[in-house]
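Sharing a structure, written as structure tokens. Questions coming.
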């Protein structure tokens, strides 16, 4: 299977190249960029020199079809929705890592993204690829909308509780912390090293684009869910997300049954690892890999459950989950090309 | 005024030395340590060479009284409560930076600290020095119990809402993030550079010693308060705490009135800076200083208020607030020796 | 004494504001910027809110003279040389933190900076303000050219050996390492947090603008000096420079006499601290201060001397040394406003 | 092929586990530790949970032989030399990642390590595994002494010049910078996060154990080499080494011929990447991989050549090179299991 990557110069694109290099069934046949055509991808990323030697090409569906059966799009907001129809016409399979096809209601997209939404038909065709919860749909998909990084960490942590209706829908608060690579590769003052190093920021309070995506995900498993409180912070580190999730339990629950709930829920999910009682994951423990590590506890004093969910934002939160979805879509073993050990330390 | 520092080899002690070096009215006359007597403080801290030249001495109240009128204790849990009575007998004024005198109920201390509590009389005599909220008591105190770093950030952010009964007492969740200096100067695997760098941890979920201290503080301004949910995280940085505080508003409130509430509340507090609408502080913006910067917003969708409160854990969260308290206790201008600009970047 | 700061929005300017805030004799009366006129300096730097409240003004010598007697320029290359003559005409004293007046030979400036050089007369008038070595000239100066950050660390470390002709002039190699704030406040891909964090770079090998400045400084104390080898590296940290200086001793020397040489040389220099045998300074030990800490050793195996010199690039390498020079120029005690303890940790 | 790892709880051991997980021909059959027997390796390293499930066993050559044909030792100084003879008796192949067998002259080891040296016979049998330069010997080895991290970066950078006698033997200075993981996993004050973050240190000036190893390596390709100057610094980052190597050219050389020399020298070395003119590698560009990236330039002003050589200290500087050596020893393709792309950013 040959794959093209559109938007290859961003961090998501670079991570697809890294991970697919060790995928036994998928080969990167071409890389595409609207801004840096004509240069080699290894001029944008010196770490690829002597390993990957591909020119950045224009985005042409017909040309892409001649070299590939599959396309990954890792493009800024508002771009992929106009490219994908042309790719589908050529009979290509598509995984969209951008947010363009994630929100099922067009008005939600237009409100939170401030851009025109994709066509209804495309939104309907797109399968939301939160792998662990949508395996069947993913298996039959032609277009996959790959989840956002924050929604991946948040939903994998919250859904086991939500699905079983164990928590009060109005009580959910998600306090999320992300590494700076989540902001992409464009230099800006806030991400200038001396401004971000030894610093901790909060940003986009109650305004992050991922809020409606998380709400949509929760609602799809318990329709009583409406709005949530969701805050995003920037940590002076390169990779990793932690979502600390708070919810009121509808009734008291033991540590043991709480843990069994999560373990049962993810029994067949090789990339979700549930920690034993009193143990919580750190972001570095999934560094560079597709794992989502989860710790969970119940506080008798307050009646609240705390779930701690960590991922690598560029892997399980982007390129890794995209490949996991493709594996399932192609009928391959889910872990193909992704069975690697976190880089620690 | 001459001051002795007991427990001078920890970060709190070193920070007292740094700040008092530029205090026009207080001079460090001696430093004390139970573990490193006989060596010079500048052997523990090379940055003090050619500036501070003091031997670490044994802890002897009579000897201390000959050189000082004031004592700062920056000792591990369980130590200061046994030293302070002897210091008071000598007529010394005392500021305790440890947690020994913070909890008014002895059984609370014994439950959360796992150590024998201080005597009732000493607890009654000690004034809880959350400066902005206790100026009068501080002014008349002989023994000040200096607040913990997390409680300082949390209470300064939450109390304006609590005092006015604007939030549902059962709804408060505080998600706190601290720099690693908060863990003290003892090397341990979790704080070993390669394990902590590029990493983000959660720790002591629902078990942190500062929980009862925050609850006690909230309760003292609205007795309907009982338990809160409080989580602590470690950020890969040296200094700084951010407390992200979530609370359900009892009724809708405008951004304008919310901001006015905070501004009025801290009008006479030179170290608390309230940010304008849509602006939130980062930890680096108070680096090395006694400021507490606060941002606040109300989310109409969820009815929740989010308060963001940042401090330097070693200054406003320890040595700086201690000096601020002493200034008030001595009748000096509150900012004496603390009127410095944050180190940025 | 009132001072204006031109180029106040860069890190050098911000650091002048920080340090002068605690200077008893100098007050910042106005701040100037060619790019951000009309906004308040505390909009560029939120850490200044509630402390410094100054609008950024246009650069007008006559207007400046009405409010100030002294001007600091912290401008990009090629700017100050055209502004200073107008300031001098108004009778203002000037300290230039840029590189425009550092090289005495115009062709050197034009070769290394790639810009037209300042007029000969201005270059002659300007005193090179490496304080410890030029106190007399500084005391009588009207225009001070403040040294570069790398030359400050390098020359303070090398000159004691050079002046005594203890090393072979052709043997000097300086391997310098700088924090990222040395690159200024303009965001760029190389300084984008995810690219610089957990990374170590070398840059401008044999091409750094500071090479001729260091060579000029060495030559002025031993004219046999000609070219040196000088390399610059970027360390993933905010502040600090270390220069590791290697030189062949002309004859064997003992550790003791080597140390005495340095101690004698800097006996009257309160900001230079010589470390005892086998002890070397780290950059954090001078953090936020005007100190230059020096360690030195002789290797019998190779006959080479190694000098380790550390400074805070924004203080002793820029704003701090500028103030130290002004203190001397004004007849104040050298340490006025600079007698602070490094921020550690 | 089955492999045992002795000293599995250190960073070198953990890295062997990570890399061998994706090696198609070698499987980790057992892990051994003298200090933590009985616990599971994934208790020491939580990132291994659900992936690697191996108890830490005692070190028993007979037992090891039943499960393995190959042994990696990643032990502290002075340990492996006593274990290896027993392993060889059992017919096991051995790769020693410690320094015990690197120095061919026993008195050198005893001088620099301060410990009794290995027996002469064992030293003679051991092949120094600087792969690119010793492929033939490695192919026929039974015991491989894996090079130190600093010597790997230094020798790969310097040997092309040394072998061709292009540089003055007495002129070599190597200024090396290492990430903190090079110090191992034992917590200590110098590596405590608040002390090392935003800090840059020099250490063991002229006293590092790797000095005689580098000198021995240089001498083996040009016997005129005797002593070198070598300095080591700690960078606040997790992984990576940069060696900046300075040497006087015996005669002027063009950039082009310099580059061709390096390219020819490493033409058949897939892990050494030579950069084009004016381009220098950063440590992050080899992060997590076995690559050694080299930049080189000649300065006409000084007649000096500067070589910049970067590696990941835990991979090419330890576990990766060990596996590369085993590949060659076993007749496998050199890149087997190591053909991965650096983790960037």
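Going in written order, the chains are labelled A, B, C and D, and every chain counts its residues from 1.
By our rule, a residue touches a chain if its C-beta (ideal position, glycine included) is under 8 Å from a C-beta of that chain, and two chains touch if they have at least 3 such contacts.
Keep in mind that what you see is a predicted model, and the values were worked out from it rather than measured.
The chain pair A-B and the chain pair A-C differ in C-beta contact count, and the higher one is A-B. Chain centres here are C-alpha means, and the one lying farthest from subunit D is B.
Averaged C-alpha coordinates give centres for subunit A and subunit D that are 36 Å from one another.
The distance from the centre of subunit A to the centre of subunit C, each centre being the mean of the chain's C-alpha atoms, comes to 46 Å. Distance between chain centres (mean CA atoms), subunit A to subunit B: 38 Å. Under the contact definition stated at the top, the residues of subunit A that touch 2 or more other chains are 11, 179, 181, 194-195, 197-198, 236-239, 282, 284, 287, 345.
Taken together, the subunit D residues at the contact with subunit B in this complex read 11, 179-181, 185-189, 191-198, 236-238.
Put simply, subunit B touches subunit C in their complex at residues 11, 14, 17-18, 21-22, 45-52, 181, 197-198, 238-239, 270, 273, 275, 279, 281-282, 284-288, 339-345.
The residues of subunit A lying in touch with subunit B in their complex are 173, 175, 177, 179, 194-195, 197-203, 205-206, 227-229, 231, 233, 235-240, 242, 244, 246, 280, 282-284, 287, 295, 297, 299, 301-302, 304, 306, 308, 310, 345.
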